[in-house]
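We just call them A, B and C in the order they show up, numbering each chain from 1.
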Amino acid sequence: MQDSHDIPRRMDELATRLFPICRSLTGDGVRKTLGILGELVPLDVHEVPTGTPAFDWTVPREWNIRDAYVETETGKRILSFKDNNLHVMGYSCPIDEVVSYDTLMEHLHTLEEMPDAIPYVTSYYAERWGFCLEYSKVQALDPAATYRVYIDSSLTEGSLTYADLVIPGNSAEEVLFSTYVCHPSMGNNELSGPIVNTFLAQWIAALPEREKTYRFVFIPETIGSLVYLSRHLDHLKAHTVAGFNVSCVGDRRDYSFIPSPAGTTYADRVISHVLKGLKLDHTKYSFLDRGSDERQYCSPKVNLPLVTFCRSRFGTYPEYHTSLDNLDVISGEEMANSLNVLKHCVRTVEGNAVVDNVFCGEPQLGKRGLYPSTSKLGSYEAVRAMNDLIAYADGNRDLLTIGEIIGVPAWELAPVARQLVDAGVLCRASD
Amino acid sequence: MQDSHDIPRRMDELATRLFPICRSLTGDGVRKTLGILGELVPLDVHEVPTGTPAFDWTVPREWNIRDAYVETETGKRILSFKDNNLHVMGYSCPIDEVVSYDTLMEHLHTLEEMPDAIPYVTSYYAERWGFCLEYSKVQALDPAATYRVYIDSSLTEGSLTYADLVIPGNSAEEVLFSTYVCHPSMGNNELSGPIVNTFLAQWIAALPEREKTYRFVFIPETIGSLVYLSRHLDHLKAHTVAGFNVSCVGDRRDYSFIPSPAGTTYADRVISHVLKGLKLDHTKYSFLDRGSDERQYCSPKVNLPLVTFCRSRFGTYPEYHTSLDNLDVISGEEMANSLNVLKHCVRTVEGNAVVDNVFCGEPQLGKRGLYPSTSKLGSYEAVRAMNDLIAYADGNRDLLTIGEIIGVPAWELAPVARQLVDAGVLCRASD
Amino acid sequence: MQDSHDIPRRMDELATRLFPICRSLTGDGVRKTLGILGELVPLDVHEVPTGTPAFDWTVPREWNIRDAYVETETGKRILSFKDNNLHVMGYSCPIDEVVSYDTLMEHLHTLEEMPDAIPYVTSYYAERWGFCLEYSKVQALDPAATYRVYIDSSLTEGSLTYADLVIPGNSAEEVLFSTYVCHPSMGNNELSGPIVNTFLAQWIAALPEREKTYRFVFIPETIGSLVYLSRHLDHLKAHTVAGFNVSCVGDRRDYSFIPSPAGTTYADRVISHVLKGLKLDHTKYSFLDRGSDERQYCSPKVNLPLVTFCRSRFGTYPEYHTSLDNLDVISGEEMANSLNVLKHCVRTVEGNAVVDNVFCGEPQLGKRGLYPSTSKLGSYEAVRAMNDLIAYADGNRDLLTIGEIIGVPAWELAPVARQLVDAGVLCRASD
């Protein structure tokens, strides 16, 4: 089915196709994005009407935009939405006026420290208009001139759009993968998450068998996770064994994750084990460094076992939330590497089990053909992992715990455990 | 009321006034001291008769002393009680005899390693007489001469004197502040504790409102705390949430505290949080380093949540238990600095609460005017402390715990928590 | 009785006497060894018939050997069992054939990296024959020649032999000492364990009184412990408070121990406390480094509180499992030093108790003659250990725990505790 050598190229193509779309919390950009992802996996797309409550929040009006620009009296375009959708502050209300330089400046956002970058700015919950511009271009504006500011946008009673996908497994226990689809033309902090999660869902759906059920969620950040939680809270709390919020996974830099507040959930243990087991340099942040949907998923009353998985965490890399976070920052190669980490998380969860030694004392592996029958220096070492697994299989520890103790990745331990269960030496504790 | 700029000067004056008094376990020196402190705060003074049992101990006879000296046959005074009350061993029985040089030497205490210091020596529980002298002066004594030893003291069926003060608050939960009043003319290891605690009591009594009840105890060390515990054990065990034994808090050196045996009581957490939060260099000792009334308050069957707060801990500074621990070692400025630490302990306890997020997910601060409505680089940081407080307010953690996690002093978090409770975003867990 | 100055010499003599015996899992070598040890302590020797099941294992056929050699066509002996019993692979089946050089080589075990050492090799559970030879001698063999291979051994329906000894004490709680008697002529990894444990048993039996019951087990490794456990599992699980597997305790190198899987059992605490308290350099291994009978005693369903005590742990020293592990590697002096460690383990367990302060507050030691009645600098220090013991005697901590906290060996604390119990200041928590 899925040719893994082909994945980086296909990820790159998908990124190129999704990049120009003007996404926001709501609107046709999100719908178009989910439509394209839905070509790869069978997403369920949902519309939630403006005004729908979600805990302390309310679904906002739907925003759509067709065009926007600023031009001088002589019609010279200072900036144009068609050049880069970051030029317009997200959720700007419509306007068509001639304003003074001073008024324009009050509505112009720039980054003095990055003069060639357009900043990404939004105003979701207060009605405003605004433009974003390279600082280097602001200097050229004539303070004595007037400017036509034009935004052809709409804020209407519409709906918020999100998608989910449940891939069933043998158990009702669920693994959650969440990512967001609400940023306009940016690469690492937008496209990498949905692309990696889409390919992950495709890979999971193609597995011959699944122990767990997998739930994928593609939502606008914050309001989207609040809406999703408000509709599925009881189910998620009852069934989720591990969750991964995936964000900023396309750049070349080191891996990282934001642990849950307690830092000890199953998701924390899995991601940590995988990053160590794959010998990947990585940073373990604190929940104090949170900033994405883990803020909702790990809020006290929700309290799902979830971590956020990143390469360069949002807010820590220079291109973050600017026009420089473009397709040059990410690559299919690196998104495939991040995908590989998440596949190992899945393998770890799929293969994990609590195992128990059937016998008092060590089993006799030799008579089962599992152990060399001549004792010599070195021969004992050859089956060390198998022996260590048996030595720690006490009916309480799972393979992840044993793997941490004995220094063997859980996904390598899983087939050994299955062999020993088949040989009647170990049993699954829950059997 | 209390002008804090004036405190160091008033503390210095109080120290000068209290210094010459000859205090001991019992006797008029203690009464006089408590009388002077009682001019600042309304102390309840208690008399406990000689022979009263206190657990394994018994209140000793009352000791008073009027005069004492050693002189040569020719009437030359070798030492005189009137010059320094440390010259007489505490609880010396009366004597008026002419003795040989050898006999005198058997009753003379000196410090060879500190030749110009008079050591502080007592014999509370075995009837003896003795004198204390600078080692440098002993060399000049004539071994062939005889000496008149004169002590005009009395050991009588009297009483032990102590004082306490309870300042009521909204809750029956009590915070205990204990210090001792049984050392004669010494500065750091005597006057600093009662002076700081007296000013602290005055400050607490003047607070417009108190969440907790505050109990101050001024006692002779060891027998006093045993007597106090024997009279109030059940009450103290039932109501004390944190206790602070205050000793040696007047010198210029670093802060320190002796933790409780477990090291994890509320008092341990509070003092540690305050010293860290105020960024004060300090030493955390072990309960193995105990030596003051924490020995009784933290004994296994008593087991109050109490720490001992010091600058230079008793036994660790060169002047300790000698005539060099005089008014030069302490200053009003430094006693006021120690007072400030204890005020912050009170502020921490007063403001502390277990708080809970009212909502699933994050509350929407923007619609309550608590959060900037435009997202820009940096604006999220501006309300970081508020957001972190909400993120960790899970109905189990108190502000002290949250403050430790998020790196904000609990006394700074308390007003933020109150603002959020008023805004309906948090609730107090106990409400 | 036992003159401790004489012990190293007597240990050396015993080692010299035991060294030449050809021991194995079964057979007369084990019987002869136990017979000699039984001259020092009254061992109970047990025979377990071939075919007897022990959990997942079965007692193998009994192996005995009278002679073996390899010689050339011309009758020149290449190797002879009579020179060194390591020349024959343990459990070799009988053979008397002339074989080619190539066939001989298939049955010849050497150690290229230690050319002058005969390796120790066995084949307990697959019927084979084999010889072991110095690598340096293999070079001289003529590839064109044929060789007579002769082994006069027998594999018969016989029995497995082991011994035990129970030395009763006041309590049914047991301390287990186990060691193995199944290796042929080797010193550290065979004789040191049985010799040290035999002298330890002799010393314990001679104690005027014992708080605990002591169980000594002399078994062939692995199958012996499995057999022993299969016969005594319920009893051992119910009564064993601490166990020590003793192996490789005769060389001059540092001490070490292999902790239990959890690392927190009473045996772990005792051995760690003793090695620290005696200020002996030592290595704490991991249960991952296991390799002796702790593999059975600490297997999940058995789970006895047991550690393995060693000098140089098996597998870590150059002479291990070769003919170089001879009497030069061990000495009576060093075995006596290891014995001393185990005696201190016994002293620790014997003297240990949970103690409780009888009084609220500190007891008044002075009136009981336990405390100097004059307070002076230094006098408090003199009874520090006594005071610290009282301060931490809370009815939950045992002397081992208190000793760790206050930095005093538990075996030094025990007499102090007894003095305080006699003085009515402490009581035993279980009294």
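Following the convention adopted for this analysis, a residue touches a chain if its C-beta (ideal position, glycine included) is under 8 Å from a C-beta of that chain, and two chains touch if they have at least 3 such contacts.
Note that this is a predicted model, so its numbers are computed, not measured.
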item: Graph class of chain-chain contacts, one of line, ring, star, complete, other; value: complete
item: Chain copies touching (chain A, chain C) - same or different residues, decided at half shared; value: different
item: Whole-Å separation of chain centres (CA-atom averages), chain A against chain C; value: 55
item: Shared interface positions of chain B, touching two or more other chains; value: none
item: Chain A-facing residues of chain C, complex; value: 54-57, 109, 111, 119, 121-126, 128, 222, 225-226, 229-230, 233, 261, 287-288, 290-291, 295-296, 298-303, 321
item: Interface residues, chain C side, partner chain B - complex; value: 356-364, 366-367, 373-377, 380, 388, 391-395, 405-407, 425
